[in-house]
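Okay, so chain A shows up in both of these, paired with chain B first and chain C after.
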Partner chain A sequence: MTAVAAARSPRMNARTWDRVLIYGSAILLALWVLVPFYLIFLSAFSRPNDVFTYPKPLLPTDLSTETMQTFLNSTGVFASVINSIAVAVLTIVISLAFGAPAGYALARFTFRGRQAVQLVILASKMFPVAILSIPLAVAFLRLGLYDNVLGIALVHSAMALPFVVLVTAGVFAGVSNELEEAAMTLGCSRLTAFLRVALPLALPGLAAAAIFTFVISWNEVFASSILTLRQRTLPALVLFALQQSPLYFKFAGGFFMVMPAIVFIFFMRRYLLNLWGGR
Partner chain B sequence: MRRSSMRALAAATFAIFITACATTGTSGGGAVASPTGNDTGKDFAFQSTQFSPVPEQEAMRQQILKNWKGVGVEFITDQEAVIINNITAEAKAGGTGRIGIIGLENGQFSSIVAGNYLQDLSKVTDRNKDKKINADMLTLGKFGGSQQLYIPWMQQTYFLVANKQALQYLPSGADVNALTYDQLIAWAKNIFDKTGQKRFGWPVGTNGLIHRLLQGYWYPSYTGGLVTTFKSPEAVTMWNKIKELWQYSNPQSTTYAFMQEPLQSGEVWVAMDHGARLINVLKAKPDDFIAVPAPAGPKGRYYMSVVIGLGIPKTTPNQGGAEKLIDYLLQPDTQITTFRTNSFFPVIDAQMPADLDKGLKLEADAVAKQSSAKDGKVVPLPVGLGSQGGPFNTAILNTFQRIVVKGEDPSTVLNEQAKIINDLLNTAQAKCWGPDGTSTSTCQVK
Partner chain C sequence: MAGIRMQGIVKTFGKTTAIKEISLEVKDGEFLVLLGPSGCGKTTLLRCIAGLETVDAGRIFIGDRDVTDLPPRHRNIAMVFQSYAVFPHMTVRSNIGFGLRMKRVPKPQLERRVQEGAALLALEPFLDRYPAQLSGGQRQRVAVARALVMDAPVLLMDEPLSNLDALLRLQARADLKRLHREVKRTTVYVTHDQVEAMSMGDRIAVMREGVIEQCEPPMQLYTNPASQFVGGFIGSPPMNFLRGRTKAGAFEGEGFSLPMDGSRVEDGRELLLGIRAEQIRFGERGVPARVQVVEPLGATALVTVLVGKVPVKVDAPVNTTVRPDQNVSLAFEPADIRWMDATTGAALAH
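Entry: the complex of A and B
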């Protein structure tokens, strides 16, 4: 009995150590991400003047919603959140509507110049928007797209499309062609085979593309600032103002900008894990 | 005491800006007092680089514009680049735009003026003659021509704020209201020697205004100039003094933007900054802090005046409405509300109320003392640099970073940075301004 235990213990130890190491690093990584969020949360939910306490307390002893309320009540914040969400959703719809078929085509069909097309799509990322700013604003003013949610969504889609095309091409390449062919032998048309077989299998990948698109649109400041005046998205409205605002406002704004993205990713996480072969 | 401080305040609001320009002009045009444009009844946007902190924006919308009876005005703050971009795009797209009026710093108008995007506001100046708008500032708003391209709106300056805890460490014989830079260094050293803490602070972080402190305070006070004397022996002396002070400065200075924050948290006891970046600590803890004039160097007590102006783009959707808004913003009541809520000083001859907030009173007294100091000399923000304004600030900031933060040899750095400064002055074809006097050709480092 004791001999068996003795023989097992070194292996047990090695396994325990493995686990400690894995979980330890996981905890460390999680803290790396979470501690800054925690500090932002703490300051966003304390009284404005408590932010200046030095040294700063690390425990939530005196929480207050005063700072957050002032931030949320300041002019335009609520409307800009709605704008940001509208722009992000429109961007996801537009870029998936155009990007997914393009990705599918790149994955399924071999045609002359396929690589060149891929390269050109990627190369469009090389143009800095800053150079285009005035001509773009002039064009949008003339087209009536200036200061308009659809206008910003179009620009954001243009920014997100290269990613969407490349990600979806990778996703569709991973869905076996044979499955679609089998579906077609069983009476599906090309379209229904795509809709009923390829699309459900590609869903996690498309979700990943949607997350990328959401984050790109949610974080984008420059195009949103120069193409709007009153219909601002949240970052365009607050980013410059926050840089110059009192410390407690920075925390409230920072917290408010981070939260929706975290919530969104929390819900989309499932699909991402599927994509990476998680359980 | 109160009456004298009020009188000093009134003097200050006028005297911040005495000799900023070489020439003093009168407002042009005849005595026509009719509006130049019709109020089309259209709402418009008021875009400005000022009041970007959220509480100041809210004060603008809810208090300063409270009694405005005209069409809907949406106040929007943005970075200089975005506003220039918007005005340019609206001008190029033709027709009328959405921006009715802009409020920028004197220097930020340059490229919009160069693009010829602004209306002549001479008639608006005329009908506001009774308000006695500061004549020097009006001249600045003409950019060397005959048209009034902007009308002064408000003004600010930089000064020094100290925590009262620091006063016990003042070097003997020093008058806190008339410090010299040597005494300031001795003060910071004394605090360090006695407490072991580095309590002097600089706004060297991103968005900090250290370049303005160098351009309007240290450089002219030590060398009597800025560009022409950039690498003079006096400049080398000055940089060595700054290095000395840096030893006793809080190392976190490289992260500070608004000095009111480290002052309020107590990380820093003594600091200089823009008035709007100090006022919150004075308002929050008026009994714990003092505000005093900037120190003096061998060449005098130089300080910088910041003028904010109002311009109307040619593409304005409502010329008459925007002009009425200028009239409104220049009313004594509005000017005083602006000072009360956002701590920018009036540009007109306004009677100050006696019931000012304690913090505002501290600020007003400091500014009054600074402008009435015997050795006080005022300089404007850099003039005529246009798009080279940003690179010029960067060149000054880099000089500070290299000499003070990284500890490189002052003479070498000054020679190298002088070339950069000369190049960008050549690009801008900028004549000398303020501390360097006037010049007929492009201003150059000697």
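Entry: the complex of A and C
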């Protein structure tokens, strides 16, 4: 019946093909991302010995929290998760506190050396952390920041700042200056105009910058490994334990590393997809 | 209520001078239009009044108050922007009430004034919508309502109609004029559209390159332009200009000679003869010309003729019998002629 209708109307036919293509690509992309997640999930929630069974059952017939429990109860994991979260939150606060005003200035004001500033911000990404890490470790030892959550957060902020500045500059450039000026003619000062008009409109973009910062910090392993001894972040701990630990432990670690990022993005999604006025 | 007084305003951006010493007075309740081509400094002047730009020299008074150094919020002005600048994250209701909220107007009074503002611009059905759900014309009305409810004695408008389509613009133009008659605020209105300026302004200040060329009521401007620029900018079609030289009490143009009344002008001076399209008739005698194009426009026909090599526009009756390539004579009353200096473009006193 539908085939007959489709054959009768070539336009309908073309549209159907369009849809097949669009949905097909979307499904492929989703699988590309989801299948590895799913495999990690399967392994993380099976019995430690089942990790080696082959062929793998594709349906979770035999779920168990045994592996996860072993992982979570092993020494240092809980503390390192707390550390990782603390570092990530501190990094977001620091890099937005410094990056967003810088981005705002780049977007709103034309000043001498504006281009140069933009370039220098990007150029700071040229220094590899590997080379910086030894002098950084020495400096942190002297300052008492070594093996310290704040120390790592500072390093992560330095890594995230160029992105935050450029992303927020783009975000604020997207908020018309006339809106702020209108607010100023309606009784706002420069500050209240910013707080009441520019900031709410920039929020989705700022949220995106925050997510990005979170992911950078949560995944960063090199600086965290070098600059900590006991106050490990999760990636540093997992890296450290990688050689000694069994395979199932790695899967559990992997799953646990992925989870917070997903949850975080899930809650931030509203800000990312929200279009003002649209429902 | 308050008028606006500007004294010797100068504004530069880096090396370019946007405004070269402008002094202008806007009377209480007057509708003044700042008219000029883009880049003439009209928007800059408006933004100086609003306080969105700081002036390099000169003083600005609103009422009796020197507001030169005050921020926009302390100037007692309200402004409508070219892009409307309606806040996209607020409903129409919040948009209109925004300024009142900033002023901490008590809630019952605020709500009443928002209702009144919405009623004035026929926005009541849309109060709970977001700007994204409105048409361009409705957004423009939100911007006007938001400015009006402030009850500021001075209303500034920066090309508020330029983003509307032609039909809507006609409607909005009439609406704005009616509103001004009802609320009687001192209004400064920026536009590059001379028809808009003519139809709305009590007075029009024609600007060019940071200077006010002439500031007078619309019809004065139309009949007695102070310069070739004003004559060419006001009116559709613009004023016609024929170049020539005085000789023995006559004006010698390309292929014609016209007697000049009296001997006010010395011999051998280069002049421009300015004449409006509707003041030219096709006659038996006069300036010889050749018809180039005839465009029937409905009520009249616009005829383009060549005097020598200079195109001249003539407003003819729609049933005119002239045809392209026909030789004609252009006749006009000496009283309708406006003489200008050919080098400076300034009108001669008459």
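Here is the rule we use: the second predicted complex is superposed on the first by the 262 of 279 C-alpha atoms of A that agree within 3 Å, B and C clash if a C-alpha of one lies under 4 Å from a C-alpha of the other, contacts with A are read in each partner's own complex, and residues count from 1 in each chain.
Everything below uses one rule, namely that a contact is a pair of C-beta atoms (placed from the backbone, for glycine too) under 8 Å apart; a residue touches a chain by one contact, two chains touch by 3 or more.
The shown structure was predicted, so the numbers you read here are calculated from the model rather than taken from an experiment.
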Clash-or-fit label for the pair chain B, chain C on chain A: fit
Chain B versus chain C as contact partner of A:Val20, first or second or both or neither: neither
Per-residue touch tally on chain A - higher for chain B or for chain C: B
Angle, in degrees and to the nearest 10, that opens at chain A between the C-alpha centres of chain B and chain C: 150
A:Pro246 touches, of chain B and chain C: first, second, both or neither? first
Touched partner set for A:Thr75, first chain B, second chain C, both or neither: first
Contacts of A:Arg230 with chain B and chain C, given as first, second, both or neither: first
Which superposed partner A:Leu31 touches (first chain B, second chain C, both, neither): neither
First (chain B), second (chain C), both or neither touched by A:Ala137: first
Contacts of A:Leu58 with chain B and chain C, given as first, second, both or neither: neither
First, second, both or neither for A:Val263, with chain B first and chain C second: neither
Where chain B and chain C come nearest after superposition, their Cα distance in Å: 50
Chain B and chain C contact sites that coincide on chain A, given as residue numbers: none
Chain C residues within the chain A interface of the complex: 50-52, 71-73, 77-79, 81-83, 85, 87-89, 98-99, 102-103, 129-133, 143, 146, 150, 156
Of chain B, residues touching chain A in the complex: 45, 47, 52-55, 57-58, 61, 74, 76-79, 82, 85-86, 88-90, 92-93, 97-99, 206-207, 257-258, 261, 264-267, 280, 284
Chain C contact footprint on chain A (complex, rising order): 176, 178-179, 181-190, 192, 197, 200-201, 275-278
Residues of chain A that touch chain B when the two form their complex: 49, 52-54, 70-71, 74-75, 133-134, 137-138, 141-142, 147, 225-226, 229-230, 238, 240-247, 249, 253
